[in-house]
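Same chain, two partners: subunit A is paired with subunit B first, then with subunit C.
After this line comes the complex of A and B, so read on.
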């Protein structure tokens, strides 16, 4: 069976999967409806300062699993919904950034620099149209790169990397993530080490669950949802609540500026913006393909590169004074990260950002799909169901892009009112939602306490400038790292130097050391 | 750029924690060592992976304490700790209400206690409704620095909405505390 056949099976899995309902005799596929619902929800969430895509994904996951169950049929509707949220939230983040000078998501900060001045000049709708055009372009480009590159990379990994090399690749990925996220390699390694230690509590091959202090509570290990949601979501909620407590930001009511003049985005505008969009899309895709480097850096680089070109051309208005090119450069860059971020997930099984973490969590909970190089086995005689799901996932992404190009703009422009929801009311509700969703999955109060405990850890890490993402990624990859290492050790006949005997593995280990040393030479500001 | 005492303290604290984990916790709380011989074959023991994890922690702590000179320094202030304490107190009160209100009331008012009633209205919602409302109202009051009826009503509405989302459509999903009793 060739790859084209698998592409076709993936499309069929989406369109001929379970039906939601029939309209005038026409069946509406469940996956299609879920992508649309997730996408619209994502725009609403992104438009709400204080909420973020990962929060919505975290809250939605247990509900989705309750609705769809644990069968392989559940995978595509659940993935479709989560991918919809991921894409919609990136787009929605621009809304409050442009209308109220408040970025809905951290990566939309650079959008405020030109978006809000355009609003003040009475061109808010035009600014939103620029953001939508650039975001949809960057996102689509990134998805095409993902669909082309991920299978090839996965096939290369499966063909040329054996167990020692795979172990070394995991070490390299973790070292890279620890070094590049945030501004301090030392803090990145601390986050990584803590995440690995947490992953090893209550696990192991012996009858006695290691590091469990002899207690039944720790013998089961930490529930993955409690750790991920605790550190990523609850920690962020605690920090934001404290910001409100100390700064009383909520007392500021966003002010609207009267709008006037031509609000349309003309063909000539698009042609003028295209070079900025194209350059930023390439930058964002390249950054997104590397695990751990987030969309905020992509937006910053895209904006900086666009500003240099704009200054050279001498066009006005300048960047920072309401230039549509500034919005285009930022939005294309941050949106093109989301698709490319799935390259390491699908080809290597390594999550690169918070959204990818939730996709892995969904796959892990439902079962039947293990993201990694083994997914892309193009079997000749029997159908590889994981590969069908992978191409189904790509189909979902393209459907989300289609929705983005068609209804995304209008829906996004109608979401301005979301910025008015007071954060001090929203955040406690998000916390209650998150903790309830944990209890629904685990059905024990201990899980809620674990979540709060990891939330406190996430809060402390944020206050100390330690990025929580290496912690979460290390927690997820910890078991895989140990298992691959054990297998490699056994396969090499108990060779203690198995990581150094193969040239490729030795190269990966050397690169791990180099990336840490290079990061150490240039301490930067923290970018959390 | 300069060394900062907060960074030095964090780095040294992590070094101490890593040594504690590697030299005391792991050896005392794992039944196999770093490398084991099982049926004349060498295998990796349960202690190796956590020891490597402690190694990452140690390396990170040492780099932070000795090598890095960050431009910005973050530290936990007393104000941070005070906020955290208030937050935990509010959550503890809310979780206590969530976990024990139903069982205590059922134990007082009925003969059979909470367990036979845990799938009946209003008992099965009592703890979640009161605890959830208290949590949202308490945290809103913390953020606003004053208790408001708006916070209470939002909390009540959120708890009711969650009951509608999780409990009404699904028989197999349990809200707190019904999985524990």
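After this line comes the complex of A and C, so read on.
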């Protein structure tokens, strides 16, 4: 059974999976419908300042799981919906940035620089078209790189890395994530350490629970959804509520500028924009492939590279004055992060950003698919179901891209009104939805208290300028790190120096130290 | 009015007791919470959920499945202990939970604190390697272990003890690697992270396809799939990894509730065409039903035997 056969099985898994309904005798596959629904919802969410893709993914996940259940059949519809949101939100973030000078998602900040001036010049529709064209191009490119690279990387890892090397690789990833996310290495390491402590409550190999303070409540450990949603979503809601409170004094109402002139995007425009899109797509994809560096850095790098190039050519208008090239350079870069971000997820099981965290969370909750190198085992005579799911996932991504190219633009341009939704209504709704969706999944009251508790932690971390992402990633990888470390120790016959005795493992450990030392030394301007 | 109500209730209670001899008369007082000690989506979890589904279809009882995983089922055992024992809360574990694991956990509970309802399926536990290793028999593997230590994958501390004793008995060198669940052993053996490992039925497809080899049976009797492979007793280990999936309830469950549940579960898993029956046949080599007092005796026996294994392994 060659890889082509698996590609075919993956496509079939999407199109011949469970049906939603039949229209004129034509069955509509559930997965397809879920990708479309997620994609449109994602655009709407991205267009709403104060909401972001990860928020929608977080709230949708428990609801999806309670609808689809825990069978492997649930994997593709759930993944499809989440991927749809992820892609839609990236696109939607440009809408309020261009129309109202308010970025819908953090990575769309650079889009405001040229997008809003274009709106003021009466070119809003054209600016949105440029954003759509660049975003869809960057996204598609990134997905193609993912589909080509992830299987090979996974096969390499599986063939050449033994248990000690895998342990060292996890340490290296965590060190890298702690160093590159957030304002300082120290804060990153604090966040990471707290995440590991939380992961080690109640877990472990022994039959008596660890760090549970003797209570039954902690003996099962913290539910993963409570921790992730608490820190990432509830913490963000708490902080935004406080921001609203302090900012309540002045409130801007978005102003509309009269629009005029040619609003369409011509072939000539596309040819002119293409170099900017291509360069940014490559930058975004490379950044996305490294765990932990987000799309904001990609957008910044894409924009500055584009600006340097543009200044050299001397064309007008200049960047910052309403240049379509500025939008193209930013949107292509931030959109090309999402696909490549799944390379470490699928080939190593290491999530690099919040969207990837929720995909891993989905896989973990539903079961039957364990992101990591073992997914890409091309078995000879029995079908490897995880590999089929992986190719089904790729199919979902390509379907989302197709939707992006066809209906994404028009839908996006109709979403301008979303930025008028007042935050004071939005945030309580998000909070309520998050808490109820956790209760749906965990069905015990402790889960709610844990969520609120971790929400407070997330709030404090944000207030102190500590990024919560290393916390969440460390929480997810903590169990795996301990397990692989224990196994490596046992497999090497109880060798205490298993991390240093093989050259590859020793190299990874040395790199971990170097990454942290270098980040300590070098002051960085751009951080995500 | 109140006294009439009380009298009616008493009458209802009496009639229920009178009919208690017939298990079929028992109905659960409400929805049944089904605790599952296995990770969502795995074979054991699927089995538990399918049994609940079949029972809902057949009896009209309502089930609410819930994951209570971790600590080899001890988390579930501790959680279910103080639940109502009227049959409205049951849990699926393995016999090892109430045996070896409960003994080692030393958490102040014994199998007497639980009601064993019925087993559903047994493990076809074998010692398995990939065919690529080129070992045709257990002796080939032992010969290989004399040259360099072999990595032996296990999925529970009890199996780790057995693997250790096997190494002692055969004078072989094993580095025993404990992982979570049989799927992880299978993946580890396939990926080359381990040379050999215990697998409790998950190997059957691979063995049939010729990719995997059952080198020995870890049971007291030969494996159904590879009857020629030696058993642990043949290899000089006086212990075995016999085990079953087991439905339990809190201690002191009324006999009619226990027997009604056991009878209903036993019926769906042994009836052709039921989903759980199909799944158990495929994944665990057929249903194995040991119900009621026999099941209770089984777990109490394995709790007692755990002490001997622990002692032997710590010598």
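Worth a mention:
Please note the rule applied: the second predicted complex is superposed on the first by the 520 of 528 C-alpha atoms of A that agree within 3 Å, B and C clash if a C-alpha of one lies under 4 Å from a C-alpha of the other, contacts with A are read in each partner's own complex, and residues count from 1 in each chain.
Definition applied: a residue touches a chain if its C-beta (ideal position, glycine included) is under 8 Å from a C-beta of that chain, and two chains touch if they have at least 3 such contacts.
What you see is a predicted model; the values in this text were computed from it and never measured.
Aligning the shared subunit A places subunit B and subunit C next to each other free of steric conflict. Looking at the shared chain after the overlay, A:510 reaches neither subunit B nor subunit C.
In the superposed model, A:428 makes contact with subunit B only, not with subunit C.
Of the two partner chains, subunit C is the only one touched by A:162; subunit B is not. By the touch criterion defined above, A:207 reaches both subunit B and subunit C.
Between subunit B and subunit C, B touches the greater number of residues of subunit A. In the overlay built on the shared chain, the residue A:308 is in contact with neither subunit B nor subunit C. When the shared chain is aligned, subunit C comes close enough to touch A:366, but subunit B does not.
By the touch criterion defined above, A:221 lies against subunit C but remains apart from subunit B after alignment on the C-alpha atoms of chain A.
Of the two partner chains placed by the overlay, only subunit C lies in contact with A:374; subunit B stays clear of it. Of the two partner chains placed around the shared chain by superposition, subunit B is the only one that A:478 touches, whereas subunit C remains out of contact. After superposing both complexes on chain A, the closest C-alpha pair between subunit B and subunit C lies 5 Å apart.
Within subunit A, the residues touched by subunit B in the first complex and by subunit C in the second are 205-208, 443, 486, 490, 493-494. Contacts from subunit A toward subunit C in the complex involve residues 70-72, 158, 162-163, 202-203, 205-209, 216, 219-221, 365-368, 373-374, 377, 380-382, 443, 483, 486-487, 490-494.
Of all residues in subunit B, only 1, 10-11, 14, 18, 21, 25-26, 29-32, 35, 41-44, 46-50, 52-65, 67-76, 79-80, 83-84, 87-88, 91, 95, 98-99, 128, 132, 135-140, 142-145, 150-151, 154-155, 158-159, 162, 165-166, 170, 172-180 touch subunit A in the complex they form.
Per the touch definition, subunit A reaches subunit B in the complex via residues 63, 66, 178, 183-194, 196-197, 199-200, 204-208, 210-214, 238, 241-242, 244-246, 248, 250, 423-425, 427-429, 431-433, 436, 439-440, 442-445, 448-449, 452, 456, 459-460, 463-465, 474, 478, 481-482, 485-486, 489-490, 493-494, 496, 520, 523-526. Across the interface of their complex, subunit A is touched by residues 39-42, 45-46, 49, 64, 66, 68-72, 74-75, 78-79, 101, 104-107, 149, 151, 157, 175-180, 187-188, 190-194, 205-206, 209, 211 of subunit C.
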